[in-house]
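Quick heads-up: structures coming right below.
Presented sequentially are two complexes of subunit A, the first with subunit B as partner and the second with subunit C.
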Partner chain A sequence: MSLSVRDLRVTIGDARPVDGVSFDLDAGGTLCVVGESGAGKTTLCEALVGLTDGEVDGSVTLDGEDVLETPQTFRGTRIGFVFQDAAGSLNPVMTARANVAEGLRARGVGRRDARERADDLLARVGAPEVGGAHPNELSGGEARRVALAAALAGDPDYLVLDEPTAGLDAPTGRAVLSLLADLRDAGLALLVVTHDLGTVAALGGDALVLYGGKTMERAPVEALFDDPAHPYTRALLDAAPGGYELPTPIPGEPPSPSNPPAGCRFHPRCPHATDDCRMGEQPPLYDAGEGEASCVYYGPGYDPEELE
Partner chain B sequence: MTLLELEGVSKAYERRGFLGRTVGADPALEGVSLSLDRGDALAVVGESGAGKSTLARVAAGLDDPTEGSVRFDGAPIENADRSRIGFVFQNPGASLDPRTSVVDSVTEPLRIAGVARGPARERARETLDGVGVDAAAAFPNELSGGQAARAALARALVTDPDLLVLDEPTSALDVSVQAAVLSLLAERSEDGTAVLFVAHDLRVVRSLCERVIALYAGEAVARGSASEFFDDPAHPYVRALVAAETPPEPNAAGGEALPGDPESAADPPGGCRFHPRCPDVVLPETYDGDPAGFRAVLRFRRALADGDVRSASPTALRERFGIPDLDDADGERCLRAALDRASEANFESAAALLGRVFSTPCEKTNPGLRSEGEQEAACLRVGDESANGPRISR
Partner chain C sequence: MTPLDWLSLLALLGIGGVLSRLSPRESRTYWRRFRRDRAALVGAAVLALVGALGLLGPLLAPDPRVVPGQALQPPLFFPVEASVPLRCLGETTVSGGTRLCHGTLAHPLGTTGSGADLLALVVAGARVSLQVALVTTAIVATLGTLVGTTAAYAGGAVDELLMRYVDLQATFPSFFLFVLLSYLFEPSLFLLVCLFGLLGWENTARLVRAEALQRVSEPYVRAAEAAGAGRGWVLRRHVLPNVSNSVVVTVTLLVPAFVLLEASLSFLGLTAPSVPSWGRTVAAGRGDLTTAPWVATVPGVALFCTVLALNFVGDGLRDALDPREVNA
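Now for the complex of A and B:
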């Protein structure tokens, strides 16, 4: 079983926030999509579950079935989705239990069964006590758990999570991450979109580095941290706080999705950019160590050693 | 010379009832003291609801403390020249007026301080330039999140304040902008500006601040130099906070998740406020079973007292609170009786019953801050080690 995304493009007006992204996510696997604000992370999530206003091209298949044709038949059943604003995605006039049960009711589950299942799901995500609470009474971590329970109501095989730890303090974020790891151990595949490299490191699996709607690098998480190939990945790692040293900011601003630069989208901010980086299209994904990088230095005629 | 001095500061917010009548008070901060010199960078850390933002507001003179004193440069803070204190709000974009251009927003604090229009606008432009915002005529809605954050910072920096109070200035930013803002702050701090930095993300604090103070349920439970604080924390709460960090390294040793929910300053437990969740809680001499089981029962007891338990079968309650079979005979007997009462929704009597066997010295006395090396920690295991056994290190 696998979720297969090929050359996914999302066009909104004259902007193309996601511009040709491909990946496979196997059942029970983890893919972390990482990038700065404006890289197209949220649009990518929304396109996968059919919630974007934009025009979606390319193909998304789940075990050979076309997802893009009728995303609503997959969303909430085989592909669960948790919004970045978890609290805002819950209906404020209904209790947490009713919020979770709603999806079950819509699928024809009887009232009493739906309530019972909702309580089971809340217990599964570690929030059994909040069933009777309304969303405004929930803490950030609890709201995240309730939204997760609602996403699990359709018994999905794949879960798409937009910034699951954003806005949570470290202990709460850590608890949500360990809950996600438990769900994955139970066989759920995770697609996690985040700007937090700590989240990526904690979840593991595969990583995809997104920049200006394009894939910069794809690699197993450990390889990405130990031996980042693309200059953008390196810059991102250097910018992540963690040690006693001040992190190094990346100069400049991310590109505008309506007017991206030619060539490699990262070239205006890249310390290693050559003339070849400034022309034509984004380079293809070349083999780079354990993963692939969209950088001319890994292509013919260049030596990646020069990046050191 | 001390620039900012807080002594025994408490703050309670009024609770409003019908027609805005005051019906009570919700304490948010309890007896916090700190001092800040020029060029100092002090971090305030803790979980959500610990009182961090309240402390920032009181320290900047935006809110009056209910008790205690706040002195700025030797005088009560209400007499302070406002232009000497810069404040950056948690939501940086929201501190810019959407109806005025960014330059005008940044000019405003100078105009209030009495600077003439021309030079004020000049200074505002320079400051915006310095933080990397190239948006002279732009309005806030035209700025990206990162640009808005920098513009808000420029507004706080434009008067060249002696004290900068920052409430989670980087939590809404992604790594690259975060790194840029941190570098800016580090520069200011080196130039002699005092920085009070509120953050829940310890990773951000570490590179900027030499000293840290940790709040829990409105109280200061630990403070000290950043290096000791992070590398060898004396207080179990700080150890748990540091262990809960998610460093940007794969396979980093993830600490045990901190069990239970944070306590609220409005209804705190007795003694050390952290004791129901503490992995190092001091056991009574009469208990000789497994410490983990004792701690799980303590959390159960606290939840009972807090009204957070729904009645369920004893087995379900055990599972819910992760209580194993206790190998202490008296303890197990007491626990079973209490579980029976809880399953009959008799929560108060269940809690009272548990209190007879499952009580700890930590709930009886609030130890206050005690010194150890370069840090202070409000913990019975710190300082006088003979009484309660040495602290258990990581």
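Now for the complex of A and C:
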């Protein structure tokens, strides 16, 4: 039982926002995809269920079945989806309850059954009293919960969440994250896409660091935080606000998806970049402690001390 | 019941069906905003009167018949020289040396040169205008919405094909086609309404498409797709309800134009003589304008009031449905 993604590439015009990403997400597991804006996170999760306008190559399989072949049969029922703009993902002319019931109604569930199920789901996500409200009357946290209930309506085994805490204040964000943890404990697998390392730390599981559409590092969250194996991961951790020290911003700009640099995508901003980093393709992932990383500098056959 | 009656009934049921889909909350909000507009309220009252006359007309007044003996009777409180009508049905008085003919209660709005009762003509004309308004609204709104939303949501070749057809239709001279068809067949109201309805929805389609293009990129449309809804379902449940305001707004602009168009064609004598249109009655009164001005004035005022009322109600609806008015 797992969602397996192999060498996923998304091409939109002459840009390739996702360029060869692979990972496995086991049933009931958690995978956090971390990266800056423009790293290809949103495109990645939309591509999983065929929602992107671009051309998708590579494979996405769920328990051995090809998802990209017939994405519509997987949407909602096997893979749920919560958009970053939760309030916007609710139809403004329908009540919250009708929005939750919508996915069921579209699959032919009767009006009354769908309503009852929607009320159950709203209670399950901790928003039992907002059923009759319209989306413009919901707070940010309530909208997030309603969107979550709508994504759960088809009883999926996997849930893709794009920035689940975006636009929420810290306590509301934490409440949403603990709700997600509860759902995972009940057997739901989570694929969370976020730029927020606090979300990653709260959810745990595995992490995948995405940069310029390429995987920089893949490791269990704890190992990633304790001992990052890629200079980009280190830079990302240093750039995260937290503690009493001011964060250190990463110099430079993220690469352009239509004209990425040769070699390691991160080399123009990397403090350790060598000539080897500037040539050829993104280096292959190598085993680094508990996870894998894609770096020339720290990779096998390179001795940094020899260089310094 | 003629085919047009059936079409009108269908249109009425359709409009009722759409209104019944509004939630109580929505209808309350819209009504609260609508009734702030005095002119729109008066317009709605006039339209309700025209609608009632049009619906119940055959029960209220007899069919307008040509009765030569009672030609050019003046309306009540509008005495004319006794020489104007052939035979004065009301009382005659002498004032200042001239004999005056007064109107009778039997013909409160007077009669035409051919002796038809003007009240009966106004009532029958209300039915004509009502049918024109109803059926063209239904045809234009349905086709325009269908084509506009489908083009926007499907995109690509479908969009291109549909909108190029719309461009073609916009250049099509439907007036000449009507004139041609009216020589080949009987130029009935049914033909007029269908022809101009079927060839008059291109602007509605364009405006609805422009609105729908914005709607289909809204996250809720993608969310519905991500929840596993099919394209038809998304179109019907998510795109359509969110462009309905644009449909109402564009159609309210078209309806008075269609009513006026029918009256103009009747005035020019291009429609079947059996259709008791206001335009035809105005034309009939043209020759007697100096001696019997009421013949052209009465149906003219009815037409004027109806078109004005349609415009007022359209304005009111536009303001009431404006989504930018959030806290009203």
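In this section, the second predicted complex is superposed on the first by the 300 of 308 C-alpha atoms of A that agree within 3 Å, B and C clash if a C-alpha of one lies under 4 Å from a C-alpha of the other, contacts with A are read in each partner's own complex, and residues count from 1 in each chain.
The rule we apply is simple: contacts are C-beta pairs under 8 Å (C-beta built on N, C-alpha and C of every residue); 3 or more make two chains touch, one makes a residue touch a chain.
Not measured: the values here are computed from a predicted model.
Undergrad: Label the relationship between subunit B and subunit C on subunit A in the superposed model as either fit or clash.
TA: Taken together on subunit A, subunit C would fit alongside subunit B, as the superposition shows.
Undergrad: Name the contact category of A:107: first (subunit B only), second (subunit C only), both, or neither.
TA: In the superposition, A:107 touches subunit C alone.
Undergrad: Please determine whether it is subunit B or subunit C that touches the greater number of subunit A residues.
TA: Counting residues of subunit A touched by each partner, the higher count goes to B.
Undergrad: A:72 in the overlay: touching subunit B, subunit C, both, or neither? Say first, second, both or neither.
TA: The answer is second: A:72 touches subunit C but not subunit B.
Undergrad: So in the superposed three-chain picture, is A:248 touching just subunit B, just subunit C, both, or none of them (first/second/both/neither)?
TA: first
Undergrad: Angle subunit B-subunit A-subunit C between C-alpha centres, in steps of 10 degrees?
TA: 80
Undergrad: What is the contact status of A:92 with respect to subunit B (first) and subunit C (second): first, second, both, or neither?
TA: second
Undergrad: With the two complexes superposed on chain A, say which partner A:83 touches: subunit B (first), subunit C (second), both, or neither.
TA: Second partner only, subunit C.
Undergrad: Please give the least Cα distance, whole angstrom, that subunit B and subunit C reach in the superposed model.
TA: 6
Undergrad: Just which bits of subunit A does subunit B share with subunit C as contact spots?
TA: none
Undergrad: Residues of subunit A touching subunit C in their complex?
TA: Listed in rising order, the residues of subunit A that touch subunit C are 49, 51, 72-73, 75-77, 80-81, 83, 85, 88-93, 95, 99, 102-103, 105-107, 134, 136, 147, 150-151, 153-154.
Undergrad: Of all residues in subunit A, which touch subunit B in the complex?
TA: 36-38, 123, 128-129, 139-140, 165, 167-175, 177-178, 195-202, 204, 221-222, 225-226, 235-250, 253
Undergrad: Per the contact definition, I'd like the list of subunit C residues that touch subunit A in the complex.
TA: Touch list, subunit C to subunit A: 23, 25-26, 218-220, 222-230, 233, 237-238, 241-242, 326.
Undergrad: Can you tell me which positions in subunit B touch subunit A when the two form their complex?
TA: Interface residues on the subunit B side: 46-49, 144-146, 171, 174-180, 182-183, 186, 200-204, 206-208, 226-227, 240-241, 244-252, 254-255, 257-258, 261, 308-310, 320.
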